[in-house]
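Here's the structure, in structure tokens; my notes come after.
Per-chain numbering from 1; labels A, B, C and D assigned in written order.
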Amino acid sequence: MVEDAKLGWEKIEWAQAHMPLHTRIRQRFEKEKPFRGQRIGVGLHLEAKTAVLILTLRAGGAEIFAMGSNPLSTQDVVVAALGEVPGIAVHARHGEPQQERLARIDQLLDFDPAVFVEDGGDVAWRLAERGQVPPQLVGICEETSTGVERLRALEAQGRLPVPAIAVNEAPMKHLFDNRYGTGQSVWDAILRSTNLLVAGKTVLIVGYGWCGKGLALRARGLGAKVLVSEIDPVKAVEAALEGYTVVDLEAAMAEADFVVTATGQPGVVGERELRRAKDGQLLANAGHFGYEIDRAALARLGQAFSARQGITGYRFPDGRTVYLLGEGELVNLALGDGHPVEIMDVSFALQALSVEHLVRHGRGLRPGVHAVPAEINAEVARLFLATVRR
Amino acid sequence: MVEDAKLGWEKIEWAQAHMPLHTRIRQRFEKEKPFRGQRIGVGLHLEAKTAVLILTLRAGGAEIFAMGSNPLSTQDVVVAALGEVPGIAVHARHGEPQQERLARIDQLLDFDPAVFVEDGGDVAWRLAERGQVPPQLVGICEETSTGVERLRALEAQGRLPVPAIAVNEAPMKHLFDNRYGTGQSVWDAILRSTNLLVAGKTVLIVGYGWCGKGLALRARGLGAKVLVSEIDPVKAVEAALEGYTVVDLEAAMAEADFVVTATGQPGVVGERELRRAKDGQLLANAGHFGYEIDRAALARLGQAFSARQGITGYRFPDGRTVYLLGEGELVNLALGDGHPVEIMDVSFALQALSVEHLVRHGRGLRPGVHAVPAEINAEVARLFLATVRR
Amino acid sequence: MVEDAKLGWEKIEWAQAHMPLHTRIRQRFEKEKPFRGQRIGVGLHLEAKTAVLILTLRAGGAEIFAMGSNPLSTQDVVVAALGEVPGIAVHARHGEPQQERLARIDQLLDFDPAVFVEDGGDVAWRLAERGQVPPQLVGICEETSTGVERLRALEAQGRLPVPAIAVNEAPMKHLFDNRYGTGQSVWDAILRSTNLLVAGKTVLIVGYGWCGKGLALRARGLGAKVLVSEIDPVKAVEAALEGYTVVDLEAAMAEADFVVTATGQPGVVGERELRRAKDGQLLANAGHFGYEIDRAALARLGQAFSARQGITGYRFPDGRTVYLLGEGELVNLALGDGHPVEIMDVSFALQALSVEHLVRHGRGLRPGVHAVPAEINAEVARLFLATVRR
Amino acid sequence: MVEDAKLGWEKIEWAQAHMPLHTRIRQRFEKEKPFRGQRIGVGLHLEAKTAVLILTLRAGGAEIFAMGSNPLSTQDVVVAALGEVPGIAVHARHGEPQQERLARIDQLLDFDPAVFVEDGGDVAWRLAERGQVPPQLVGICEETSTGVERLRALEAQGRLPVPAIAVNEAPMKHLFDNRYGTGQSVWDAILRSTNLLVAGKTVLIVGYGWCGKGLALRARGLGAKVLVSEIDPVKAVEAALEGYTVVDLEAAMAEADFVVTATGQPGVVGERELRRAKDGQLLANAGHFGYEIDRAALARLGQAFSARQGITGYRFPDGRTVYLLGEGELVNLALGDGHPVEIMDVSFALQALSVEHLVRHGRGLRPGVHAVPAEINAEVARLFLATVRR
């Protein structure tokens, strides 16, 4: 257990050393103690980068109640390390049953936080269900687009009782994490799990949103020929003028060596497309949900086998084989370490400052979804710029 | 004169051959004759690409009155060619006195057009001054951001009597013309007027808006090391994550071989910056107005001399020399041929369809500035996409 | 053990599925049986890609004696799998004492092979020491530059009794494996072991040979600003004209976030350079030997600590920390999976065909170092081209 | 005439200002006067960059006799300017009859130079014909590969009476002028003569030698999709691993918007290929000779017409039109200004130092073709590096 905590600290310290915005913010928080006497709830992926956010909030004087947002992403060594810090209570266990996790949501609300920070909207949803607002609660910070959508649904039903900040929608988050975070980490995951050459290969990017732009940019940077399939004609024109080959998805399946989806649409690579897959094709998903590549169709079309750690092969009756990475789940989490540390430094800096904003000014805000204040976005931009400009 | 017209037709046909959207639209206009019995006024740069727009409108059945938007951009051979077409009256002459041009604005309004298309807002401004609306007039199409700003000023004063479409603001225009049109044509102009190598040189892009992004992309594509100076921290972060070196403008002046401005701000490269210029530095402007590089400051700092056609050298007392391209005016027009043909095909396709929209539906629109209808933008996107996708 | 073999076969089959040149060559070998009645010795890194080469040679009718070239690169599951194949005898164990390995060299020579293929020259060196040539031996194939150097040394001393083919020097090997193999796999190893963002960072490539070119290309492809330090002025000019910033190594240490060495020179990043390292700098080596970054100097300058798996941090008295990846050994082997599979498909195709050449024509060749025959290089080029061209 | 000279000086001074190697070399020559009392003959394209070389040789104390190497490249204003310099005699006129030029070769030989510098080998050929060596002649410097081939032919016949330096073969020339000089200047010429967009277009590069590499690199840098056709499989693999699409020439003709040849082979784009040309295709040649695109075939296949200055259109009976730039001659000379100034600074620096080498050491060299001494190449590399490194 002590050994676990030691490993956890090694990971946390590595992250901390590469999260200079948090270092800056923590130094100010330590002086100003904006959260003195306050409680903060955290429901996020409990790994090292999140731990740095939690420690930063703690440095601001808050008492913390932390739980995981997904039992599979919880890292027990990180939990062990955080458990050593006075004022931080962590309730999470890798692989814990869904039942336990749900019970923890009630615990978090009973903790009576001033603010809770979460990823996906489960806590906010439970808050609406319970119908009773913890007395100290002044606001919510939400990390993901899915969570923001759920908050907007609650708001539309008149069931969101406090202000909620849509961190996901700040320019410093959505302009950067998909393009540069997903762009790099998806290719990192593909490279490390396949050991295959990208140079000279044909890569098909399905969807040319922010993720798709990052995926295409890095595929080119690795020497691939890049095909792009995109249904929005304006985005498709942009892909063409960047020099990518804009294609019809179904036809392009027959020539792509790698296919990476980032559309947000279920079954975008479905049976019709899979029937035309090139022999040896590798399929990976970079979208949030694991439904873009139709696994059921794959199972119908071919005989599944374990091809390599994290990779399932499907042998078609005509002799072709295709490979699915990470069961079609978000490949940079399934087979990699998620976003690069610096990207989370930026996203969580927006969180830390949004929490501070709610604590300082939340009582004056109407219930409902709010944008990250422009000056917080600008401050994070300036802090991050200082680390990447000459 | 006949000889002139022949040269004019050669230019027009070259443009026409590379404006497939106009070919498609003209074919439909020829069948449907949406402008039968209507008059259309045109006040644009009278060169070959504009002639193709005029011929397209004419093919739709309109009677045309065309004048120039700037006496210096009028090409007499193109005027001569258009003059041969029944139903098109062109009133323009290269270098005509401002007096004459102003008189023509009144002629255009007296022509009583259903719609006029212009560039810069002079006709709309005069319309407001006259106070009396030509009886047939149903609307205005404006090409530039400057013109749109003037229309908005008139609207705010309650002096815009008809609907006006802000073509400049359509995604298919502002997402593409600056990045890919300006990006290419500015470097074309710099290469052809200097005969200098870009590979291995240091290029400083001042301003990282859409123009700056295009300029930086093409500079890198020519093998330069690219520095970017930008005051908006979010844009500066984007430049850094694209791999450009984000710098302080003043300090970077001392190491840049080429400096290209695209900020929209007067005097952004002013005396303080110019004092630090690297010996041999080339200065060019890609912004709309010729005031971004402070010429007066250059004249104070150095002894001017003609260095090469279109290039003025300034010898500083300490021995350094800097070179100003095209007197600091928009360099792709001053020393080149403006936007590539295909870029104008897209912009003018938006114009042709917006004119049609006004003729068909303008009577139902409130006076004021309107966006290009989303379906027109999408149709132009689809048409253009068909020319650049596989 | 059976379980081990199963895992081994999974790895071998993954490699085989992505080594189409071997598939082609094996099919021909199966028909023609060029090695019928012959014995072949193999002394290479005993992992999956090598297993595919061994199986290809076996398919040609050879009886195989295989040993490892480095006890640390031997994968026991692959050994277990190969052990199931009649006609293949594998003598290797991960981590075996150097003593055992040396004894095996004698076994390999006593096996009396017609040809042996190796990596590093140890078997050839022992052959020269023993002074007596196995009766069937007609030639040697050598994979590495180090091995070729040792063969040339033996040749110069008149101690190389048979022809030896310098596979490393074939254009299809040296033009591609460093640039595209090292270029990708080194960044793969850095990404997976650090989880850090490369976009916007400053990367210093030390040495602009073939490896350096690949490293710089991929660093740019990941969004980095790339600095290059190179002592040969012609190569340095090439780096500059590719748009990289050519710098003085010592000065550049103070601004680089990542430093990757590929010079072949011991101590190229030595104490003087390390004293100027930027705080947080990551140091990795992509050169064959682990001596380019001076570890002893690091230990003198800072306090070592384990920073993350495979990464040692060094805390300097002034507060700076630098990180050394994989103890300064070739980082794509120390922290990754070595060259991409397809790169080894090409290199080992040259080996398989060179072995065939020696068996068919070796008796007619003079003792000494020979180039890979041009027609073999061209055939491998054609076969590989067929997999990457449209 | 005085006016002409003034224009000529403007051009020369522009070139001089961007030829820093010549400035350095001239300063040394002015001090050391290595050519004091010597005569030097020059037979090169008489334009501004050549004038700078001539002035540099003159600064070293030489008396100069200069003639053109091609009547069409002679610029009379530059001749007028040089004519004002004591010690320089220029004998050239734009468009002069071949007869006159040949007479001038005899004049040049009768001038009895210590060294002559030429481009193409005409003077050397005449020297061999005359059979009698001017008494002072110690050597020849040749600029082009064609010229070097002719010198080698003379040498093989025993008819080359003096040492000749193959400047073309120095690494600092052949590694850079084609890739970075041709690469940029060909696209400059295409852009300025067509005003067409490159982004999103399909560009077919025929031949992937040094020229082809530069052409492909710059095409990608302008946003094109790049196809490469190449018969050497090793080069074709390199193109594929750089991410270009390697294609069959004939098939690719049907999809390319731009075709640029750089193979050195006559008729590489011949009737069979042209029959499949995409409608609207632009054809340009970047190879030394104007025979790579078969003009006779074009004339057979289509009706020629003048499409734009420097561009001939060919209308095929089936309605397709293709366009030939600059009559198929080397397009950067036919429609542009040739290599960028800095590239010629490097090439002519090799010339100036090779002339010095011959004057100082030529008497000790055997007759025949010699390489540029390694230390001259290295010195030029160092001098140029100083201008492009940080």
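In this section, contacts are C-beta pairs under 8 Å (C-beta built on N, C-alpha and C of every residue); 3 or more make two chains touch, one makes a residue touch a chain.
Since the structure is predicted, the reported quantities are computational estimates derived from the model, not experimental observations.
Chain pairs A-B and A-C differ in how many C-beta pairs they share in contact, with the greater number at A-C. On a Cα centroid basis, the chain most remote from subunit A in this structure is D. Inter-chain spacing, taken between the CA centroids of subunit A and subunit B, is 42 Å. One simple way to say how far apart two chains are is to compare their mean CA positions; for subunit A and subunit C this gives 36 Å. Among all residues of subunit B, those that touch two or more other chains are 180, 199-200, 220, 223, 237, 240-241, 245, 388, 390. By the touch criterion given at the top, residues 171-172, 175-176, 179-180, 233-234, 236-238, 240-241, 245-247, 377-378, 381-382, 384-385, 388-390 of subunit A touch subunit B in their complex.
Contact residues of subunit D toward subunit A in the complex are 199-200, 220, 223-225, 237, 240-245.
Those residues of subunit B that touch subunit D in the complex are listed here as 10-11, 13-14, 17-18, 180-181, 183-184, 188, 191-192, 195-201, 217-218, 220-223, 255, 280, 306-308, 311, 321, 336-338, 340-343, 388, 390.
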